[in-house]
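Some structures to go through are shown next.
Shared between the two complexes below is subunit A, which pairs with subunit B and subunit C, respectively.
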Partner chain A sequence: MFNYNFRWNQALNSLPRMLEGALVTMEIALLSMAIGVSVAILLTLCRLSGNRILSAIATTWVEIARNTPALFQIYMAHFGLGGFGIHLSPYVSLLIGIAFNNAGYLAENFRGALKAIPETQTRAGRSLGLSQLQAFRHIILPQMLRIAFLPMTNQMVWAILMTSLGAVVAMNTDLYGVTSDLNARTFRTFELFAIAAVIFYVITKAITLSARLIAARLFRY
Partner chain B sequence: MIEIENVRKSFGALEVLKGIDLTVAKGEVLTVIGGSGSGKSTLLTCINGLEPINSGRIKVDGTEVHAKSTDLNKLRQKIGIVFQQWNAFPHLTVLENVMLAPRKALGMTKAQAEEVAVKQLTHVGLAEKLSVYPTRMSGGQQQRMAIARALAMSPTYMLFDEVTSALDPMLVGEVLDTLRLLASEGMTMICVTHEMKFAREVSDRVAFFHQGVMAEIAPPDRLFGAPQHLETQKFLAATH
Partner chain C sequence: MKTPLFAFGLAVGVAFAGAAQADKLDDVISSGTLRCAVVLDFPPMGSRDADNKPIGFDVDYCEDLAKALGVKAEVVETTFPERIPALMSGRVDVAVASTSDTLERAKTVGFSIPYYAFENAVVAGSRAEGVASFEDLKGKTVGATAGTYEAIWLEERVKEWGSGTFRPYQNQADVFLALSQGQLDATVSTVEVAEANVKSGKFAGIRIVDKAPMVPDYVALITLREEYGMINYLNLFVNQQVRTGRYVELYKKWVSETGEPANLTINGVYR
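After this line comes the complex of A and B, so read on.
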């Protein structure tokens, strides 16, 4: 029964290819966060706007992103949109699916963060002659991003891990995709996935640690 | 000149201002006293258009505050307001707090805004605190920063809403000194206050508010020395 022979050397020969995959994974996670944060800010503005339609759109987005599997969201970005004649590459579908998920979770985090900022902050800004948008941009937004910084870090980690869901859209250049391809050819399943897991672990730890350093530099108040 | 004509204002079913008539001339220092809930704060927030009114009108230098066509952001640049809670922007240093509005609302360059901010912060005695974050300062210092922040917009009018009420008794003096300084420089001011001694000293006129009505308005000697209205007499008796 236990006749599996470990062949680490053979698996380690694939390391350079896996590291390239890791770069793609990080690239997708970073881009999906950049898009996710921007969209989440827009969703937050929609919710604050007092406009019923905008606020309904934002709420629907948040509800779907948070209450359906991320895997479905990625699948829909590829095959769902494909049904409407919008054909996206696996890379773009995966990126959009993760960004959609990020935006929903982050918008909800931002809403929580806003509750911690007194209404009087906006009032003080408006009294100084700032417009509503200027008050948001220069007074509320920086404080909101600070309060939501830890959840944002968590979402970034989650984005890294979510790239493995690219499997459902046949994504094969990210860390999971590369590993899975190698496995299909060599059957060194345990070794390959153990190495991939270590790489994932190192990336997410590096993110958490550097986030802590960035926070210490950025938030001196 | 601030002209308030028969202003009425309600929050839901509660009428908070019941027909206020009042004119404040350039260079005048008006203090407003009165019991809790009498509508003093509401009047100030109506003057700078933070709150809408139900009827009547308020004109500032001839511009009707609540007219649809009025650019409130522009109008507010000439009406500084400082609240009981100073509302420092915690993510900005003292200098940045004061520079923000001149840069964004007046479009000053960084250098211009910095010059104005340093001047105003020096004026209120905070020249040593430029690069400090406000939460590291005392309430009195934060309140003086809020005053400098409003002054940096070079307002024609300053509205003060009980700016010493949230302070430790020890810190009240330094903030009142700042207000005295502004008054002596000829700033047009409306000060809502519970500091009767201060009101008596700096005011040209004192207005007494009672349940949404301006029950009495007179120079301080008369209002404090010989109050005409029964409610004024009761209020003053209770505060002494």
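After this line comes the complex of A and C, so read on.
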């Protein structure tokens, strides 16, 4: 039996605050993707380098990022580092936690994309006089990013949804944080979370649609 | 022939219509079980003993209420934010969960009269050497358990001051962890919780420095807003708990053997 009368007045009054929260959520997701993609490229380079230590570091990173919950990673960025006297604000902890997770997943995506590019291309580049790094930069990287583009949008959607985990590190300005704060004050749980769900849906839908448009423009043959 | 049948049908119909109007109070009595939402990471009001059984002031209070109703008590563990969904989705009948009776919340749920009141203390962490009173928190990084009365109050103060930061952590343990790590300068928590945590020795470097200058945090039993029958019963029940001395007894059992429980009446006004 669901014994509940939906009353939207209080929840709708808080819509402006929730939309502000949605902006913060998008900001964190975008920043975390920018950091995540850069780090993932570095990790991919480390793995390609043939250097034992570098590739061990990259593998460890990917293993931890992919095989532990994002919640744990964010918690560790705040309380784990806090134990060593490194104090990050909730915003930075959340950003670092998600960026760490993004980098791990994207590095795996990039590895898959690399497999789809024939190795002979690097050798062809080298034989034309390019250095290893130049061959990677001019021949491999653009193709890799193209192949991994849709998985990257996937990760972006994931990043948006992961911002809701910021609550464990006392984040209260993102969409989830604002919603749960309003909930504590008004107890209008179902209305508030229904609105939050719609906002999340609209954001992620907008991301996948615009990614498709961008892909159509960028990757015309 | 047809008329008696019709009359019979009408009578049955009326009887069922009557049954359909049974309210929460009737439902609880006829089901034989009272399901209470209790928060179990909030000692001494609610926690678990060594055998993982729910114990605490709120647990006993729920059992007393069930006894008064002549039914069995069933404690359903919830977190603070989960209390309302549990109530609304019909998983519990009432919440005996130290719920602060704010006017904002009363727009959504039905409150009884207060059954307990908390005083709050300012607790400073390892990083905040200079904090000696509440006024010293101005401009500092402070935090409290998300969704509690003291968290809402403290956030308002930080906004008023226009400086400093407020951080709502998800649970009591995280607040005190952040405090002992030095991520927070101070927190405001109920005197009961503050004393228990300082005494436990689990959190190095924390200390109680001051009483928080706020209106006592009166907490009430809650049920659905429209369940007047139940609310009425709860009001009388709280009154009886105090009248019979059970309130003092529970206070001495769970909170403090030497202290005095808070006065639940307010001078100069009826309710």
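Quick note on the criterion: the second predicted complex is superposed on the first by the 218 of 221 C-alpha atoms of A that agree within 3 Å, B and C clash if a C-alpha of one lies under 4 Å from a C-alpha of the other, contacts with A are read in each partner's own complex, and residues count from 1 in each chain.
One rule holds in what follows: contacts are C-beta pairs under 8 Å (C-beta built on N, C-alpha and C of every residue); 3 or more make two chains touch, one makes a residue touch a chain.
Everything numeric in this text was worked out from a predicted model, so none of it was measured.
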Kindly classify A:170 by the partners it touches after superposition: subunit B alone (first), subunit C alone (second), both, or neither? second
Please work out whether A:21 is in contact with subunit B alone, subunit C alone, both, or neither, and reply first, second, both or neither. neither
Identify the partner contact of A:104: answer first if only subunit B is touched, second if only subunit C is, both if each is, neither if none is. neither
Could you look at A:124 and tell me whether it touches subunit B, subunit C, both or neither (first, second, both, neither)? first
Any idea whether subunit B or subunit C touches more of subunit A? C
Tell me which partner A:36 touches in the superposition: subunit B (first), subunit C (second), both or neither. neither
For A:220, decide between first (touching subunit B), second (touching subunit C), both and neither. first
By the touch definition at the top of the document, which applies to A:90: first (subunit B), second (subunit C), both, or neither? second
Which superposed partner A:142 touches (first subunit B, second subunit C, both, neither): first
So which positions on subunit A get touched by both subunit B and subunit C? none
What residues on subunit B touch subunit A, complex-wise? 48, 50, 73-74, 76-77, 80-81, 83, 85, 87, 89-91, 100-101, 104-106, 133, 135, 146, 149-150, 153
Within their complex, subunit A touches subunit B through residues 118, 120-121, 123-131, 134, 138-139, 142-143, 146, 219-221
Contact residues on subunit A for subunit C in the complex? 1-5, 7, 10, 78-79, 82-83, 85, 87, 89-90, 167-168, 170, 172, 177, 180-181, 183-190
Applying the document's contact rule, which stretches of subunit C touch subunit A when the two form their complex? 80-81, 84-85, 88-90, 102, 104-105, 107-109, 143, 146-148, 151-152, 165-170, 174, 177-178, 181-183, 224, 226
